Structure formats: C-alpha cells, structure tokens
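Below, chain A partners chain B and then partners chain C, in two separate complexes.
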Partner chain A sequence: MPDTALYAPATTQGASVVSRPDVTVTRAAPLARLAFRGDATAAGKAGAAFGASLPMAPLAANPVGQRAALWLGPDEWLLLAASGTVGEEVPWALARTLCDEIATAVGTHPHALVDVSERNVALIVSGPRAAALLNTQVFLDLDEGAFPVGQVTRTLFTKAEIVLWRTGPDTFVVECWRSFAPYVEGLLANG
Partner chain B sequence: MLLISCPWCRVERPEIEFRYGGEAHIDRPAQPADLDDHQWAEFLYMRSNPKGLLAERWRHVHGCGRFFNAVRHTVSDRFVCVYKTGEKCPDLEALAREGAQ
Partner chain C sequence: MTQQNRTSEGGRIDRGTPVTFTFDGKRYQGFAGDTLASALLANDVHLVGRSFKYHRPRGIVTAGSEEPNALVGVARSRAKHASGEATPNLRATQVEIHDGLAAESQNRWPSLAFDIGAVNDKLSPLFVAGFYYKTFMWPKRFWNRVYEPFIRAAAGLGKAPTKPDTDTYANTYAHCDVLVAGGGPAGLAAALAAARSGARVILADEQAEFGGSLLHERGAEIDGKPAADWVTDAIGELGDNPRVTLLSRTTVFGYFNQNFLALAERVTDHLAEPDPALPRERMWQVRAKEVVLATGAIERPLVFPENDRPGVMMAEAGRIYANRYGVVPGKAIAVATACDSAWRAAFDIAEAGDTIAVIADLRAEPPAALVERAEALGIRVEPSCAVTGVIGKTRVTRVLLGRMSDTGVVPAGEVEADCLLMSGGWTPNVSLHSQARGKLDWQPHMGAFLPGDPVQAQRSAGSCRGVDGLAEVLADGARAGVAAATAAGHTGEAPVFTATGGDAGSGWWLGAVPHDRDASRVRAFVDFQNDVTAKDVKLAVREGMHSIEHIKRYTTTGMATDQGRLSNMNALSIASGALGNEIPQVGLTTFRQPYTPVTFGTLATTSRGDLFDPLRKTPIHDWAAEQGAAFEDVGLWKRAWYFPRGGEDMHDAVARECRTVRESVGLFDATTLGKIEIVGPDAAEFLNRIYTNPWTKLGVGKLRYGLMLNEAGFIMDDGVVGRLADDRFHVTTTTGGAPRVLAHMEDYLQTEWSDLNVWLTSTTEQWAVIAVQGPKAREAIAPLVDDIDLSGDAFPHMSLREGHVMGGVPCRLFRMSFTGEAGYEINVPPSRARAVWEAVWANVEKLGGCAYGTEAMHVLRAEKGYIIVGQETDGTVTPDDVGMSWAIGKKKPDFVGKRSLARPDLVAEGRKQMVGLLTKDGKTLLEEGAQVTVERSPARGTSALGHVTSSYQSPAAGRPIALAMIAGGRDRIGETLHVPMPNGGIAVEVVQPVFVDPEGSRLNA
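For the complex of A and B:
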C-alpha cells in the first residue's frame, strides 16, 4: 500500500484489478482533486490555504497528511485531499471548502482553480514487479536511481495521458482520466 | 527511441511526450494591418528550412505542457541544445562549427 495517508483502496466491488503474488493493482477511493495554475506568488498563497505548500522544484510532490500538492508544470499543480473517511463518493464538501479557502487566499491575484475531483481516478500499483508492469506501457526509466520515491510526472501510458507518482520503492499511483480508466486497467490486467 | 531533454522538467523524456511547434524566433509583425498580402504570406508561410542546424519550438505536451526551444540538426535529428522560451537564440553557426570538429 502507498506510504501516504492519502490513498486508500476503494471498497467497491471490482476494486482489485490485478492480484498476483508479485504485483497488485487496486482502484483507490475517491479524493477531492483541484487543478491549480498560477505564478509563484499565487502558488505560495494557495499552498498556505491548502495545508501543503505547492512544490516549486520540477517533478516534486509534497504530501502532508491527507493532503498532497503535485508539481505538473512550472505554473501548474494537482492538489489532492482525502476526507479521512473512505467512501464511494467524492468528498464534495471537502472539495467545495478547499476551493473556497484557496480562492479567498489567492484573492484577485491571477490564477485558475478548477475542481477536477470527478475527472480523475487513481490506481495503486504495488509489489516487487510494479515497475516492470508499468514499463509494459510507460516509456520512462523507472529504476529508483532515475525515478526516485516521491517523484511525480505527467507522462503517457501507451496512448492515455497519466500522472505517475512513486509513493514508495515498490508502489506507484497512476492518476488517469475517468474515461481512460478501462483502457489503463485493461492493459495493466493483461501486462 | 529519441530522447529529448525538457528545460522546464530538467529531464530527458521520450520523443512521444513532445509535439513539434515549427521554427522558433519568428516575430509576429507589430502592425499586421500595415502589411500587404505578400508580406503577410512571408510571415505566415515562408520558413528557412535549412539542411543543418535549426532553432525550433517544441512543446512538452504530455509532461509539463510548456513550450521551449531546441536546436536540432535537420539531417541527423540530433538535438544540440534546448533552452526556455524567451531566452536568446544561440549562435547556430558557432554550434555548427563545434559540431563539425
């Protein structure tokens, strides 16, 4: 399981996509997700309101308890938050509250803040062969020297765009668009 | 697999993550209305198309999403250097001399 308090396995039926002795793929419970864009000043204010500062270093992630800010680009971050109770529903109240608090904190400074909670789903890929399974479709060097624990990047999963986050030596989180999920899951199940 | 380094992410990534954006350092005319059709066509369509080093725009579309510039050899497909948008174009002739040595 991931070394972060953020992701919990979903409790819904069929949440286990791959279950082998050396690698498992599990759907994660829904999270509140926000897409944030803005300059360093806006990011600083947003991070203070969000509870996890927005990393300025490329490919960095900043998980703080049940919050995480992921660097996607020099002016773009993905903000993730869990409500603490694992349910089947997106924690809408949390998403709404975070949106309001960040928008208030950043104020009139130019920025974009969009609730994308329902756009993404997350898959937890875990086990000694996690990197090998992902490498059947992801064209990155997933050796720990080249892609260390904590690194996050947007990349391609064959034809689907994903956000890949290494949360542990043998654990990755694949954030993909909801409509791409059957494609990604199918390729992982056959990989 | 061709690896391209992104000056924003500061890593090398496979070519499939990138999109080509055409020749770099082509300034849009300050007053397009003052141009006649011939001059406008020059700006829109005419490119240097060299056999050798060319400064190009590339976009890391499946990564950080940002545009950057790269100097690439149009024959060998070798990337000589990459730099962020807004930075000065390197001296292509000097780079070509270095490459020839």
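For the complex of A and C:
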C-alpha cells in the first residue's frame, strides 16, 4: 500500500498492471487535480484555501491528509485532492469547489488555476524492486540518498513525460497524461 | 566426442557436467564452463573459419574478445540455426557452451575444409591494398550493375538473420560513485578499495567470471591464498555489499561525455533453457561520478610468414586454455617469443606433462632464470631465433626456424609442432581511455602508448597503463580505487595486498619479424580479420599514404571487430619503418565505441513494436474499432480514418460520409486536437502577440479562428480560440502541432515577454471532443444538453457555452464548423466521453446520420476551401498566399511574424497563391503533389507554376476538386493550365478555392 492517504488503488478491472513478489504496479483511483501557476504570494493564498501549503522548495511535496501540493517549477504546482470516498468517478464537483475556493482566496492577484483532473492518471509502483523497475525507463538516480522519500519531479519515462513522486522508501507514484498510460504501463509490465 | 586435448585434471571447468553442442553440424562434447573456443580446442579443432578477403583457413588465435578469426554464427539450437535465427559474427572465445548450442563457421562454401572462395588466395596478387579503389573506378555505368552487387555480395562476414528477433532486450539506467571497467586484479583491487570507503560501485567485466588473469595465474598467491580463491573471497565481499553492483558478462562498450557509459550485459545466451521472462541482453546506461579503467593489456602477435595458419595462437591464450580450461591445444607445441611471459606459458604446459618442442626467442640473451628453468624442464631453447614460417595449410605441422645475425637471417632447421604459441609482448588496452577523449603518450622504452592525462573523471589502473607484476598491479588498482572514491566524496585508505607470483616480465617486439624467405611469395599477416599483410602496409606507404589514418582506410588494417587492438602497433611500426618516421609522428587511429560489436536488440532495448513510441488512443477509439473503422496515424495518435459499411471500399465510404454530413448529420472524434488553457490578466495581450488576429475585443462566450506565424512570417499552426472569461481562453491547435505550439508559446513567454502575467496549461487530454456536424446537428444534441439554450439567437455560430450534458456531465460546448455545415463540438471529460458519444450516436442514427473519419473531414473542408496546415502550407506560405489576409489584425502594433510579412520577397508579385482547380473533363482526379504548368507538354526544364496540394472526389460538387498553390494564382482565375502526367497533360481550369456554399449560409442554419 502506498504511504499516503491520497492515492488509493483503483478497483476497476485491469487495475493491477504488475503483480510480482518484489514489485507491484497498480492504477490509482481518480483524484481532483489542479494546475496552479503564480508567484509566492498567490501560492501562499492558494495553500491556505487548499488546505495544504504550496511548497517553495524545489522538488518538494506537501501531503496533508487527502490533499497534496507538489512543486513542479518556480511558479508551478500540481494540487491533488481525494474526495474521501474511493470511487471510480472523477471528483468533478470537488475539483470545481476547490477551484472556486482557491480563486476566491487568491482574488485578483495574478495567477492561473486549471482543472486537469481528467488529463492525468496515476500508477502506484511499490515493492523492494520499485526503484529498479522505474529505472528501466527513468534515467534519474533513484537511490534514497539522491531521491529521498517525499521528493517529486517532472521527468521522462523514455518517450513519455511523467511526474514522479516518492511517497515511501519502496513506493512511488507515476502521474502521466491519460493517453500515455498504456505506453507507461506496457513498459513497466515488460521491465 | 573424445576431448583428446583435455588435461586429466585442473582448470575451472565442471568435469561433472558434460555439455553437447554442434559445430558445422557435427556433435562435440565439452564441459560446463567451457567457451566454444576451449571446447573446440579440447576436441583438437583449430580450423574454425575462412578469412574475409582471401578465404584462408583460420584458427582460434586468442582466448578473449579481441579474437580476430573465430567468428561464428550461433543459435540456441540446430533448429533455430536452420530457421535463420542464428546470431552471426560472435567470437567463439566469448560464447559459453550449453547443451544444444549450434555454431556454424562463416565465409566458406560449400564447406569449411573445401572452400571455393579460397581461389582468392591464389589470386592474391590482384587483391592488394587499395584494390577496391583501383578496380571499381570505371566505366561509370558498371557501378550500379556490376561493381556494387559484387562488393555487396563479398562484403561482411556471416549471414544476417532472416527472421524478426524473438528475443527481448532490457534497459537499466544506473548511477554510481565509481564504475570499474574490468574485473582482473587491478579492477578487483580498485572495486574493493572504493567499496570499503563507502562508495557506490559498479564492477563490470566482459567475461563469465571475475578475476581476469588471476583465473589462470598458476602458483600466484594473494594474502596467502591461491589467486583464484582470493578472487572468490573478493567477489563474496563485494557481493555482500548492497552499495556494489557486480556485472559479469558485461562489456563497457561506450564511454561518452560527462562520464556517461554504456554497458551491454549478456543475460541468457549462456543458458540452455533460460527463463522466458528474462531478456537476452540488457543495456546499462550509467552515469558515474568517477571511472576506473582496469582493462588490462592485450598480447601482440608476431608478424612472420604464414602466421595466420590454424594452430598458431597467442602464447597467453595457450596458457589460459591450459590453466583455466584444462585444454592443451596440441601434442607438440612450439613457442615463438620476444618476451618473458610466453616462457611462463611454456612452463605451465610442460609442468602439466605436455611437450614443448622449442622456445624460439628473438632476443639474444633471454633472462638466465628462464633459460635455467626451461633446461630443468628439458625444453629446447633457441635464442636469437625467429620463426620464419610454418608448414601446413589447415593446421600447423612444422615450424621453420631462422638464426638472426648481423648479416640477416639464415635457416636454422625445422621443428615438428602442431601448435605454435607466439608473443610479441603486450599492448596496454587503452580503448576506453581513448573513447573518453584522453590522449596517449608514447613510451619508447616500452614500445607502447600509455594513457595520458584524462579529460574526464577517470583514471587507468594496472596493466592498461603499463604496470606489470601482480603485486604492483594490485597496489595500483587499490590506489586508483581509493582515489576515485575520494574524488566522489568518500574517504578511505588503499588496502594493502601481499602477492607472490605473477612477476613482471621483460621484452617486446614491434613490426615484422625478419626472415630468409622469398619476400615475393610469402605473406605475414598484420590484421588477421581483414587479411592485411605487412606488404600491404608497405605498399600503402609507397603509394603515398603517410598518415596512419590514411593507411588504415587504404588497407583496412585495424578496422576489424577488435578495432586493431591486436594489429595496430605492428602496423604502425611497419609504417613508421617504411616512412623512416618515429611512431608518434605516424600517429595512432582513434578508438571508438562500441568496444566490441553490440547487437541491434541491445541498442533498441525496449523501444520496439507497439512500445517503440507511445501509441495514443482517444476514449472513442474502441467504439470506432468496434464499428470497423480504418485508422490512420496522426502524430502519435491513432485516428479513425473512415467507417466502411458492408463491403464499401474507402472511396465509397468517404463519399457516403460526406453526403450524410451535408444532408443530415455526422459524428466525428476531434479529441486529438491540441488544447491549451491560457489564463491570467494578460491573456488577451499574449494572444494578440502570438496570433495574427486581434483578441482584445473578442467577447466572453465567443470563438475566433486564430492563425499563428513563425518569426519568418510563415504559417505554423491554426485553430479555434474561445474566450471563457476576461482572463481565460480555450485554445485549440492542430493535432500534430500541439507540442510545437505549446513550446513556441512558452518560449516567447519565458524569454521575450516575461512582463506578461499569463500562464499556459495543456488541456489536450482534459477534454474529449465530439464534433457533430450537419443540418440536423442541433436536433442530434438537443435532447442531451442540460442547461444551454441552443437556439440560433442565443447560441450563434462561433460561440461557446459552459454547461452540462446528460444530467451533470460538465461540458464546454462550441458552435463551430470545419465542414461548412452548422455544427457543434462537445468538449466533455474523457472518462465520460464514450457514454456521451454513444448517446449522441443514438440520436444521430435515428436522424439518418453517420460517424465520419478524418478522410471525409478532409474532403468536407476542401470543398469549403479551408486550409490544412502542412497540406496547403509547407513552411513557406504566408496568410496572404492562402487568401487569409482577413485574419491579420491590421491595427495591432506587433505579433510574431509581423515584421517579416513586409519583407520584399513576401510582398513581391508572383508568389504562389491558393486557388481551386477543376479538371476540364470533369472526371479526372488529380494527384496531390502533381506539378501545374502553362503548357500541356512543357519542354524539359520548364519550371512549374505550382503544385496540387489537395485533391478529392467531391460528393457535393459531383466531380473531382482540387486545391493548388499557383504562382500569381488569383490573377489566373478563369485560365486553363495543365497538369503534366506520364500519360499526357491534364487540362484544368483555375477557380476560386470554394466549391460549396460560398456565401456560408449553411453555417448559420
């Protein structure tokens, strides 16, 4: 199981992509996902409304219960939220509510907030061989000393762009665009 | 099946596990732990192949990856060999045998023993250096028909597999503090030292076992243990360290910039029945903070007449086969040498009870200790003695000796021998240092190039940098290991190893060995694999090649799979003698990756088949597939091309789809269009600058067609843009252009316009897009729309509304058209797209509509004269060229490409302009890309006025239509031009590029 309250394994058919004694790859249940852009002031206001402050340190993630704010760039964050009940429906209403609340909180301070709940899907890669499996396609150093628990980055999975977040010593989350998922899953299943 | 050359004991093979394999169809037995070479030699098989050019019989020369002769085709079984699945050109010295393995010799026909191609050997005076350059020159017309087929047929060794590779290949990215290349004494010492200091270490060795020379260094001890036992303990210690990765059967084949190295691991080829889940080979792409090169030294052949005969081997190879594999490669063995190490091979073999016929040393006074020991073993010793040739064609039978004196060489008799071990000394293996761009230093007293100062974070250790003697090599490795770990941020002390045995030696020889034979009749080989002789090198010099780079290309010396690791120094020495220049002045060719040949599978790794590229499918894809749609590739996407019904061909299906859209309603999957949400207080200003059109006054809820230029003023993309709020736009791009457009926008935003408060977010995959087009489009969607007034007044053409469909599914509804019919594009979340699509489909079917694909879409838009970027445009087309000056905001102070649009050549008369073409006969369909000319049959060399960009059978027009880019086209409307084709010119009339509803009244229906 992932070391975060946020990601839950999907319960749909085919959700288990890889199931081996030393590593599993599982599709994650849908989440509300928001792309937030703006300066530190905007981010500060957004974090207060969101319920998880937006980290200012590069490559940092701030998971708080069923919310998480991931640093993706100097003015860019990915905000994740689970609805509380694990379902297969994308929580549009939650995304809508969060958008409204954050927009209200940030007000006229320049920023951009876009719902990308449907754009991304996530895979949970877990087990003692998780890092080794990811390293078949991800060129980053995933040694815990170089990529500690909690670190998140946008990177390449061979020819697909992903967001890679280490949520535990042996657990990673891979976020990718929806149509790239079969490619990412296929390579993980072969790896 | 006899293994007559196998010793009664000793070696590292597993005598309890016999292994049966075939070579050229004949069954042989070896033992687990044998290489194909050692197992063949155990069966007294030396003849294993025919040479490249002269088809001379050739035998096994070495025991390592530098093997020039024993190249074989190998398959896991004879059946696989027969079915064309063998891997060609593997070195028998590296192939580990397993039960069932099937190997075949190469470059011979009909058989290895009797080879027709051997006639080349008799014709060898014709095939001198530069033969190809001299022969295949003229007449010119012979090139395609005669010379090239001949060269192709003669080129290369081995047969390429005829079937797709059924094996899988893997990839791993890895990082480490210290990568050690080579697992001999220096590499092991370096790895131990680095690992003990806490560094992350990768140790790679190309052989099946770590240990290198320690595996055959009989009598040597380290820290009081036999050398091989010390290796076992060292590997045990490294294996227990979680920070160490041990990679045997792994060749470091490429050393790239920033200490990026590529390794090829052979995972399953040595197994009879591998786990099918395992890959055949694995590529390791390693980023190392520091690298230790411990790649050893390679023994150098002696260049004497007939030195290529089967049975002539490197002395150290003979020692390796005897000590490590328990194989003595002959019954009577002669040794020809210029250095001490070959004497040790002779001693080891003699002590094992086999016969050494003679040791012939080129030196007048070999070390006394060696001579004494030889005499004690009863070995005949001949100092100042050269081997001047061998007798025997497919196997050595006798060895000719010559006495060296001040006046030359005089015959000194013959010796019966079926194997000759030779050694001209040792060449430090500097390939990887050289790949890492390190220079080499010539050491005249050693007759060797040694690694100079490294350019990258690497250091050489042990005999690859000329260190000799086991104790010295271990100390050098330990020092290098600690230095590398320290440079990578760790601290430690170099471990001290005490070693006895493996003493340093002396003596070396470079170049051709003098002889008393008729120089015009004998050949002494420098490069065995490429059949280059000492005479060839001298001839190349005589013909004007003075740089080794030229000599190499003229003679092909050093261009074999070992990149000249065996041959280069001898070739250099011969060239330098012929030129009268010192060796460093002649130069040294550059070692390049790969170190040894790498399979294409390993280079491709997992990027093959359906996983070569991401294969992107829309949420509607499966529905379309179920309906029997044909698909086409657009970028990485699969798009439904057309939907054939009952026996329809493409033409019929597309015609029906087009008619249906114009008559009732069609349903189209437009999900793949790129989408970007542009948000921020300066969003409109950003669009003003990036598009040609004006955006400030576009109202919320309105759509506008946008045209985007590059800096040169040429069209790069287009799409419809909707305003969702004052500070928020929904931008669409072409399917193929989406990544390029986003990158273009980000580029400007980040580098030129950092003053703007606006941000870009790709929403391509946030929305699936269902296009509903045709006079009954509104009827088709109305029952599904929850909360949007669809009436023409409330929701006119080029508007957008946010709302819901099907009881709560969020949607962005666009009223727009790419067909000329009234239509909508329903943007819905992909997770619900199929459900919405099927609901719309149910209504469309009831209304007599259909689903249509990209081909019908292309026809429908061409009927309206709407351009497709990349079809009408080709990167040299301005808005005016395609009649779209209306899309340019004339009052805007600037936009990307504006300044270029005023360039003289972009405003000149006579530019190609988009027009329509109608064939005069009303029937002929023009070919896209066909040239358009004034005359029906223009004279050769006449420039075309332009070309056909789009051509379709138009159901609406009831005839073929075409769009074309024609010089001064708009002024030619009404003229008759021609499209010259092989069967004669086709007369066409130039017309306005709109074939249906020029007033656009249908859009607002």
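Simple rule for what comes next: the second predicted complex is superposed on the first by the 191 of 191 C-alpha atoms of A that agree within 3 Å, B and C clash if a C-alpha of one lies under 4 Å from a C-alpha of the other, contacts with A are read in each partner's own complex, and residues count from 1 in each chain.
Keep in mind that, in the parts below, contacts are C-beta pairs under 8 Å (C-beta built on N, C-alpha and C of every residue); 3 or more make two chains touch, one makes a residue touch a chain.
Please read these numbers as outputs of a predicted model, since none were measured by experiment.
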Partner chain(s) touched by A:84 [first = chain B, second = chain C, both, neither]: neither
Winner by number of chain A residues touched, once chain B and chain C are compared: C
Which superposed partner A:111 touches (first chain B, second chain C, both, neither): second
Which superposed partner A:73 touches (first chain B, second chain C, both, neither): first
Partner chain in contact with A:139 - chain B first, chain C second, else both or neither: both
Partner chain in contact with A:58 - chain B first, chain C second, else both or neither: first
Contacts of A:155 with chain B and chain C, given as first, second, both or neither: first
Partner chain in contact with A:128 - chain B first, chain C second, else both or neither: neither
Footprint overlap on chain A, where chain B in one structure and chain C in the other make contact: 139-140
Interfacial residue positions of chain A with respect to chain B in the complex: 58-59, 72-74, 76, 139-140, 153-156, 161
Residues of chain A touching chain C in the complex: 30, 35, 37-38, 75, 89-90, 92, 96, 110-120, 132, 135-141, 143, 146, 158-160, 177-180, 182-183, 186-187, 190-191
Chain B residues within the chain A interface of the complex: 1, 8-11, 13-14, 16-17, 62-66
Interfacial residue positions of chain C with respect to chain A in the complex: 168, 170-175, 200, 285, 287, 606-607, 610-611, 613-618, 637, 677, 679-681, 757-759, 761-767, 810, 829-831
